[in-house]
Structures are given as structure tokens and as C-alpha cells.
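Both complexes below contain subunit A, partnered by subunit B and then by subunit C.
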Partner chain A sequence: MMPIKSRSAKPVRTAGIKPPVWFLAPAVLLYLAIVLIPNGQGLFFSFTDWDGLGSTWAPVGIDNYRAVLSDPNSLQAILNTFMLTLIVTIGQNVIGLLLALGVNSRVKSRHLLRLVFFLPVVLTPIVAGYLWKYLLTPNGTLNGLLESTGLGAWRQNWLGDPEIVLYSICAAVIWQGAGYSMVIYLAGLQAVPAEALEAAAIDGAGAARRTWSITLPLINGAIVVNLLLCVIGNLKQFDTVFSMSEGGPSGASETMATIVYKTAFTYLEYPNALAQGAILTLLVGVIGFVQFRLTQRKALA
Partner chain B sequence: MNRYTWRTCCLEIALLAVAFVFMVPMFVLVAVALRHPDGVQGFLGFTWPLDFSNLGDAWVESAMGPSIINSTWITGVSVALIIALASTAAYTLTRRTQHWTKGLFYLFLAGFLFPGQLAMLPLYLAFAKLGMVGNPLAVVLINVGGFMPFAIFLYSVFLRDLPKEYEESATIDGAMPMRMFWSVVFPLLRPVTGTVGILTALAIWNDFFTPLLYLTGGDSRTAPLSVFTFVSLYGADWPMVFSALITSVVPILIAYVLMQRFIMRGFASGLKG
Partner chain C sequence: MLSTKTRRRTGAAALAAALTATALAGCSTGGGSDDANVLTVATNGGDAMKAVIAAFEEANPGVTVEVRDSPENYQQVTATQLTGGTAPDVIQVFPGTGNNVSVKIAGDKGFLLDVSDADWADTVPESSRDLLTTDDGALVAVPMTFSSIGGIYNQGALDELGLTAPATWTEVLQFCTDAAEAGKVAYGLGLSDTWTTQLIPYALTATLVYAEDPDFAQHQVEGTATFADSPWQTALEQYVEMNDAGCFNESPNGTPYSEVQDAVRSGDTLATVSVAAENSTIAAGGPEGLELTYAAFPATDDPADTFLSATTGPSFAVNAATDKTDLAKEFLAFLAEPETQIAYADRYGDTAALPGDMAQDSAVAQLVTGYVNEGRVASWPDQLWPSTTVQPALFDGVQAVFSGQSTPADVLATMDQAFHE
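Our next item is the complex of A and B:
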């Protein structure tokens, strides 16, 4: 079945391929039922005093939003979500890029190193969360290591101190994600032509200079994709926080995703949970949309 | 520049040191799970002798075996449906170039921007009304619907660059649409089907939130949910908890070792374009 004469027939025949419209039906129906309609319902009922039973509700305007935005716990969660996303995005990308530069060199163990650095990515997030919870308990591995290396003064109650807990969680999230950023950067690095780097080396540019002036601009696409994935993923952060600290102590590490869950299923305050969900959706939507447009522009350029 | 110099050697030593630090949590996972109650604790908490009895106890107590079977079939059915629905939908969306197909494509793309927290309650109450809370099919449906934007996006990007010659000759031969898609187009999509399969399978297997909502307290738990249930029962009995953690991730670790290159390539090409 060779495509005989297809080249000459192309302009006429291209319009001839018309896959049936019903091919779309299952995907569209499920997408409507699971994503679009429930989101629409959620948005609608966030402006009511709906109790979840459906039959009795009255419009209350923006009361739920006012209640959420004047609640210190919700505000703390919004702030924490931004902090966590910012710290993780910077940390994960810096480390991921350095690892990618490292394993893209001539080192003999590069395949083993890639395997090791990527391993945490495939690990179940709540498993990683419980693992790190143990490492960071007051009598856990980290404090033990500090003690035995003479740095006992640096011991902390990593998950019990409200000033520190969010940073501790960030460390665990970065450990899990650095390998993901690494493989995306690695794909970008492997597309950088060796000639460009060699020419610069002949011109006397050092390794740091070559990386900064030649490699980084050429892996622009990988950087943008990494930032997009990192920001969107961490604005929704639930698993690691839930398994490491459950948002505590006293709300110090609560994120938007954990607080929506608690408001709905622990406190059963449905209208407030919907308002919180809508705020999170707005944040992800606006930030994601802006980043996505930038990605497309970069891809076209 | 391509030679192994003393600088490369220094870099190699530094990277191996970083790799060791990266692996410390994994070493501790094994050390605590195999801790012998009377053993002398050494480096990173490893004891001599080791005690493997926790692994078996945790496996039985947490019902990890049945949970892994549940996770496997939920993941398998979800991924198969995602591939079937998204490939056919993306095929129609990219080959029919009309205004409404473009609009529909962007409607699917918009799905990237819904984090799921707003839809959580209405969806949960709808499934509750259908009596499907506790039913793994609810989790399958949510997985398939939720991953449509991602999968359709990847398939569409691939299909746009795919030459149409094969389809055209098949059309001339008079093949029916379904047969034509299955025997001509679908095999050509193999690279992107691999990427979609890897990324969605891992995400669904590791997912905790949806099973937490729909399968908590029921008989058919997934592996991550059983880990959570076990931890809430055993709390600070770390050797037991860590044994449960290990048994729950064994299937992923085996898959990772067997398909490492394939998996990393899938992640690297995940969101190109």
C-alpha cells in the first residue's frame, strides 16, 4: 500500500480526509461531565448559600468570597501557596539545570547519575511525603546527622516550628521534582550545537561564560516549559503537604488545595469551599494563561 | 573539549557526591523498614542484623496486595480509555479544519487551567447521587475526563506534523473511517501514544486525591490510599510504616528500572510545542 502519486494529488485530496464527527463524541461528553459542567456548577453555587443537597439555595452575592477573604486561615493559605510555588520553582529549576549541565558532560557515570536524579520523580508523592516527615522529625535523620557532624546547634523542629515548616516542605518537593526539570533541560541541552560552544572556547570564553552567553539563550524553550509545569503544578500542591504536615502546625503550612479539602470535607462549609476553589481556579487560570501565551510565542520565535 | 580531563574527573566526583545525598532518603527508607528491634544502629540507622519480618507484616496488615491489583486495573483501564478517546478525538479535530474544530480544540486546551478544586464538590455530590462513591469506576471516569485536555493536546501536536499520504491512499482504497483509523493512523501515532501512556499511567498510579475522596473506607483501595490508611492506623511505628511504603512502590520501581530510558524520554517530550 504505497502512497503512489500522492504527492501530485495532495492539494485536491487533503480536503477529502473527513474523519467522522462521532469520533469526538465520547471525549467531549466525558470532558463536559467531569470538567466543564462541575466547574460551572461550582462557580454558580459559590454565589449562593447552597448546602449540597441541591434543592434549597438562595443567591447571596459575593458573601462567600467576602467570608473567605476576611478569614486569616484562607489568607495564610493563599500566601503559603505563593511562597511555596515561588521557592520550589526557583529551587527546582536552578538545581535541575545544574544537574542537567553536569550529566550532559563527559562524565563516565552519566547514565547512572540520570537514573539516580530522576528516581524521586516516579516515587508516589505521598510516599515521598511520609519519608521526608520521618527524616525531619525532632529525633529524625537530619537532626541526627547534624548532631554527629558537630552541627548540633543547627538542630530544628523542622515540621513543628511554624516559621520553618513551609521551607521544609519546599525541600521535599524540590527533591522530588529536580529530576523532572533535569530531563527537560537535558533535552534542550542536547539540541545545542557543539560547534557553537567550541567556537566560543577557541575565542577564549570560559565554561561559565559559555553556559551563560550561549547555552542558556539556546535552551530558552526548555526554561519556559519548565517554569510553566512547575508553577501550575505547585499552585495545586496537595499530596506532599497533606502527608508531611497536614497543613499544620495550626495552619502554618496550609495551601489552597489542602484548605479547600478541609473546608469541604472536615468543616462541611460547602459555600466557602466553593469560593476558595474559585479563587484557586482564578489564580491558576490567569497565571497559566499568561505563561501559556508566552510559551507559544517562544515556540513560534 | 571532548576529552576526559582532570576537571571532568572533579566534576564526576562532585556529581557522585550529590547523587549520594539524593539517595539518602531512599537508604533511610530501607534502613528503617528493615530495622531490627535489638540490633545495633549504624550508619543512617541501618541495624545489624536486618529484620525482614516487618515487610511481610505490613504487606498483610495494609492489604497491599489487593490494593496493588486495584491500582493496576484502575490505571490500565483509565490509560486505555484515555488513549482510545483522545487519539480519535484529536484525529477528527486536526483533520477537519473548520472553525468549530478550532474552537473545540481551544475548549479542550482550557482544561489545562482548571485545577479541579472548584469542580470537586459538585462532582462528588453527583457521584454520590448515582451511588458511585466507593466505586473504582468513578475514579476511572474522573481520570479519563480529567486527562482529556492533556492527551488531546499531545496527540494534536503530533498529528499536525504527520504526513497525510497514508490516509489519502487508504481513503482512495475505500476503507471505512473506523478501520482506516485503526489500521493506518493509529500505528503511526505510536511514539505519542507511548508518551501519553507513560505520563498518564504514572500520574494515575501515584494519584492520591481522587482515591482519597472516592475510595476512602471502601473495600477497593488503591496503593497510595492504603498507604494513607495504614499510616493513620500505625502512626509512629516507623518500621511498619516504612515497610508499607516500600511494598506500595515496588511495582513503580520495577517499571522504572525496566523502562528508564523510555520513561525519561516521555517526560522530556511531555509538553513540547
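Our next item is the complex of A and C:
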């Protein structure tokens, strides 16, 4: 950073002084102790048969990885995770963008609406998950509402039906995340110059045309950020799924994160859980990187 | 997403502070204490232990008992401490196999002290002894309570309809019909909380499988018995039969257990099959004057066949690495005394394992003690399963059966496979 220069005061002589390298030591030590070493150990033990008690283990090569990748439950969880990420990313961004466009207009209640739409974000995901769980029980609020409005035929076993449960969870995740996306889009929208929109309006462009040709290209940065956060966040999705369904019924809504948890703390198969964790990390890393590269190029273009 | 990140940073900061503190304090302060008169005890949640330690401190002037409680992640914390040699002097252990802090896993690896020669060792009932003994034949833990599974009935709601708790399988199905005619749910079932999936199978197999062959699990290990080719099949079929007979609430898979608790309290649901400690939990949150009846859950048409699915609950063992062996052994002997047992069990909300000649006031405890004394109890099967994946296979399997995706035969085949993993 440049020091602030003031003409009246003497120039501050910090520009030439570099902080000593050992200033980094506390941060590096902490990072080593908390992140790098445990993760390294985790990766190491994913190639062993360590059972979590005592210090005896033997190397088993890639057996754990082979076991995980040939386990239909793990594969189902990976598939579920991709489904959930896809649905939530699309849903949350479309809804978030529409909300942002709405509250960016000159609606009188726009400040109140912004607050209301952002409220779910403030809730802890696990709390939101439990709330939804009770709304979606067979005799819960949603089914009651459908019944009382004459839509009883639409009643569903939202979290008990293996065909539906994943979509119910997606809906809850979108409900909670849409406000977050909205805020990022709103920040982008506020930076769109009014002159450009006015000029377009004078040229005879309608609202839809203005949005498509002027607003959207100008908020490209917000779109990139939102998509990236959404994809990474949902590949790791755990809280909402676990609080709503524990991954059930019988694995129908298992995600990679819930299956890592279960393998470690229910099945007590630590090395397999470590292998799953490594696979999850790798997937998130690779997908995040590729997505970042692709969208960055697009944003620059 | 922002919140997660912030939380993680705060967590990291807290951890850093904790690490620094540990580093400053040196490595000597693990689970044990340097003070020869301080005995540390690891517990897994609940305050029952805290209710009894005062009596021990009174009987041993100068001695302090420190409870180190881990309500969450107890197994991970304790396994790590055992591995690192920093576990407390006395630790709560789990009977049988099942996890790293269980008798037959930690005990077999030599982490728990052999207390076979203790005076109280002879008082341990037959049904608990095996679960608390390592494969080398060393008794390592003192049992504190019996937990059991039975039907919990809302007596007021039953009286209103002129019904009684069924004592045979035919009566169970009739009970369901009668309840349905009165517009009530007979047995509440909240399978959305997966641990509840096993309750009825355990209750039924106590009579159908384990009463007939107490060494069934051993026979499975030897390869002479399987789930699929045993009355486990009958048990799961009876579970399905109950569902077909309309015994349960609509779509159990989507129903949380807490909703079942509320429905039993209100009397909209007449009963549920659950663990005995639920009697006090349900009663505590219920209306004034709620009266619950606890009964063994029948599986056949002869009430004399019925076994109670009961097992040894929290148990305590001495850490083999402690340097306070004598004090720790003395503490275990204290835990085995009838007065301690009953004080502990009353606070815990279940039945004392070693009540001696004393009796507990609660009706639940009296029922359970009756079955124990008659030898009509069968342990929870999972406590002798060699693999940790059998139970999850049952959880998933039951949910799949209730969503029509699987059959009892498929579930048992998967469990057999998991058993030999």
C-alpha cells in the first residue's frame, strides 16, 4: 500500500522499509498446525488401514479409494451432490437476480423488501433445516396449507419420499441462499450507470431489452462471483441436508459431505472417510478452478 | 457462505488460543491429574455421575473427583486420549463391540484394566457379563443401568377407549384396528430420525431370535447362522404387517420422532415403541396428569414367550494407563454399591444394573428388574455385531422397506453382507 502523502506534513518514511520475514511466523505456524499438518496427516492415513484407536496401522495403497469408488452409496452421493449443486445454482441465481431486479426498481417498499428477502440468510443453515423439516412433515404446515386451500391432491411426503426428498432440500437451500445472491446482484446493479439505461430507453428499447442488452452484461462480475460461490458452497453442502433428512430415506438425499461424516462417525471407517474427504476436496478444487478459469475468460472478453 | 467463513475464522482463532494455552501449560495436563488425590472421570453427557460423586468424596476425605464430560464426540475424544495416553483415570465405556471406546475393542487392545477380581464382580448379572468382558475373559467395567425397549402407552387415552396394552401379537394387531376405528394412531413411528428404525425390530427379535438362541451372534461369526435364514425374517415381516394393518401414522419416513412424542403426549397417538428412558422424557414434556404405561412388546401369541429387549447401558472402566489404579478401583467398587446404582439410575431415568436388595420406585425399573430376575431379557443385538456397518444397513433397509423400495429379504441379505465385512 502507498502511504498517504500530505503536502504540509513531512513525508512518512515507510516506503523503503520492508517488514521482517519472521513477522510471518505466527501465521505460518498456526496455518501449519491447524490446516496443513492435519490435512497432510489425513491424506496420509487415507492410504492406511488405521482404525482410530492406538497407533498400529499398515499401508494399503489405494485400497480405500478403490473401495469408496466401487461403493454404490458413495457414487449415489456424488450424483446427488451434482444434482443438488446444479438445481440450487440455477434456482438460487435466477431467483436472486429477479429479486435484485425487483428491489432495484423504484418500488416504494424496496428497502423493506430487501430486508425481508435477506432475512433467511441470517439464519444458521442447521436451524433453517430443522424449521423446514417441521414444515414438510406429512401432517406439517405445507401439507396443511395445501389441504385447506383445496389443493389436497398436491400433498406430498416431502422428506419421506425418496423421489422427492432431494428437491425438497434444494428448495430449502434456495430459499435460504436467494437473498445472499440478491445482495451481490444488487451491488452489481447499483453500479449500472443510469445514463446508459436512459439512452437505451430514448432509443426505444423496452424494459426486457434494456435488462438483456445493458444490465446483464454490466453485472457480469456479480454473476461470476455468485456462480462460483454457489457451486463451491453446494458441493460441500452438509448442514441443511443433515438437519432435514440425515441423507435419508435410505440414502436418497445423501451428499458427499454427509457420507464423509457418516463413514467417519457412524461406520467408524476412518481411512475410507479420509479417502472420501480427499476425493471431495479434489472435486471441489478442480471444479472451482475450471469454473473460475472459464468465467474469468468470459468476464474479460 | 459468508457466515460459514467467518465462523471458521473465529473457530480457528479460538483453536489457536487453545493451542497456545496448551503449549504454555506443557504436555503434562492430559485427561489425568498430577495431584494424587484428584480422580478424573470421563462421561458421555448427562449429569447422573455428578449426582453420585459427592458421596464418594465424603467417604474418602481429601479426594476430589473431577468429571470430564463430552456430550458430543465422546468416542472420538476418548479414543484419541487413549491413543495419546492422556485419557482420564476412569472412563465411560460401551458394552460389547460397536465403537473404539467399547469393551471388546478398547478392552481387547489392552486400554482397560482387568477388574475381574473385584468384590462386586460376582454381582454382575449374566445378561451383562459377556458384554463387559474382553475376548481374553477379563471383566473390565461396572454396569450402571439397564436400558430396554418396550411399548410406551398413554394410559389416559387407552382408558378413554377401553383398551389395554396388548400382551400378544394378535392383540397388537387388534389394538391397531381398535385405535384406527377410534380415529387414533396406535403406534407412532418417526423414521425420519434414523435411530428409531431399529426399535421395533429389536423388540421383536428379543423374543423371536435371541430368546431362542442367545449365542446367535456367535453362530453368525462362525458362519452357522445368518440374518436371512433366521426369524429376523419373521420380525421384519411382522414390522411390515403392522404397517399394512394401519398401526402407524401416515408416512413414517417423513415423520420426525419429536412429532411422535408430542402425539403420544396429546393422546392422538396411543403408544410408541421406544427406549425406557423415553417414559420420563415424554412425561416431562406432557400435560399435567399424563400417565404412561410401559410394557414389553410381544412378538408371539404366548405372553410367556415374550422377552424384554434390554441391555447394559453406561458402564465405567479403569484406564489401564492410569497411575492411580487403587483409587480408581475403589471408585469402581463405589459405583457398584446399590445406593450409588440407584441414585445414578434415578437421575439417568432408567433401571439400576446392580440394585442388590434395594428397589427403585419407578414402575419402569420394577418391570425391567422383574424381567432381568426371571432371565427373560435379550441384549440389543448390535452390541455383539463385529462390524459397524450392520446397524446402518438396518437403518437404511427399514427406511427403504417403508418407501416400498426394498423387502425384508433384501434388507437381511445386505445386513449379512455387512456383518462379514
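Operating definition for what follows: the second predicted complex is superposed on the first by the 274 of 301 C-alpha atoms of A that agree within 3 Å, B and C clash if a C-alpha of one lies under 4 Å from a C-alpha of the other, contacts with A are read in each partner's own complex, and residues count from 1 in each chain.
By our rule, a contact is a pair of C-beta atoms (placed from the backbone, for glycine too) under 8 Å apart; a residue touches a chain by one contact, two chains touch by 3 or more.
Note that the coordinates shown come from a computational prediction; the quantities given were computed from them, not determined experimentally.
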In the overlaid three-chain picture, which partner chain does A:V107 touch, first (subunit B) or second (subunit C), both, or neither? first
Based on the superposed arrangement, let me know which partner A:L189 touches: subunit B (first), subunit C (second), both, or neither? neither
Taking the superposition as given, does A:I34 touch the first partner, subunit B, the second, subunit C, both, or neither? both
Considering only touches as defined above, state whether A:V173 meets subunit B (first), subunit C (second), both or neither. neither
Thinking of the overlay built on chain A, is A:L268 touched by subunit B (first), by subunit C (second), by both, or by neither? second
Looking at the overlay, does A:G42 come into contact with subunit B only (first), subunit C only (second), both, or neither? first
Given the touch rule stated above, what does A:V88 touch, subunit B (first), subunit C (second), both, or neither? neither
Of subunit C and subunit B, partner touching more subunit A residues: B
Is A:I78 touching the first partner subunit B, the second partner subunit C, both, or neither of them? neither
Is A:S250 contacted by the first partner subunit B, the second partner subunit C, both or neither? second
Which parts of subunit A are touched by subunit B and by subunit C alike? 30, 33-34, 52, 54, 121, 124, 134, 180, 229, 265
What residues of subunit C sit close enough to touch subunit A in their complex? 1-4, 12, 15-16, 19, 73, 75-76, 79, 82-83, 99-100, 105-106, 109, 111, 191-194, 249-256, 259, 388-389, 392, 395-397, 399-400, 402-403, 405-406
For the complex, which residues does subunit A have touching subunit B? 1-4, 6-7, 9-10, 13-14, 16-21, 23-24, 26-28, 30-31, 33-39, 41-43, 45-46, 52, 54, 99, 102-103, 105-109, 112-128, 130-132, 134-135, 141, 144, 175, 180, 183-184, 186-187, 194, 197-198, 201, 221, 225, 228-229, 232, 235-236, 238-239, 242-243, 256-257, 260-261, 264-265, 270, 273-274, 276-278, 280-281, 284-285, 288-289, 292, 299
Listed in rising order, subunit B residues that touch subunit A in their complex are 1-4, 8, 11-12, 14-16, 18-19, 22-26, 28-29, 32, 44-45, 85-86, 88-89, 91-93, 95-96, 104, 107-108, 111-123, 125-126, 141-142, 144-146, 148-149, 152, 164-173, 177, 181, 202, 205-206, 208-209, 213, 223-224, 227-228, 231, 238, 241-242, 245, 248-249, 252-253, 255-256, 260, 263-264, 267-273
Sites on subunit A touched by subunit C in the complex: 30, 33-34, 51-55, 121, 124, 133-134, 136-139, 157-162, 177, 180, 229, 233, 245-246, 248-252, 262, 265-269
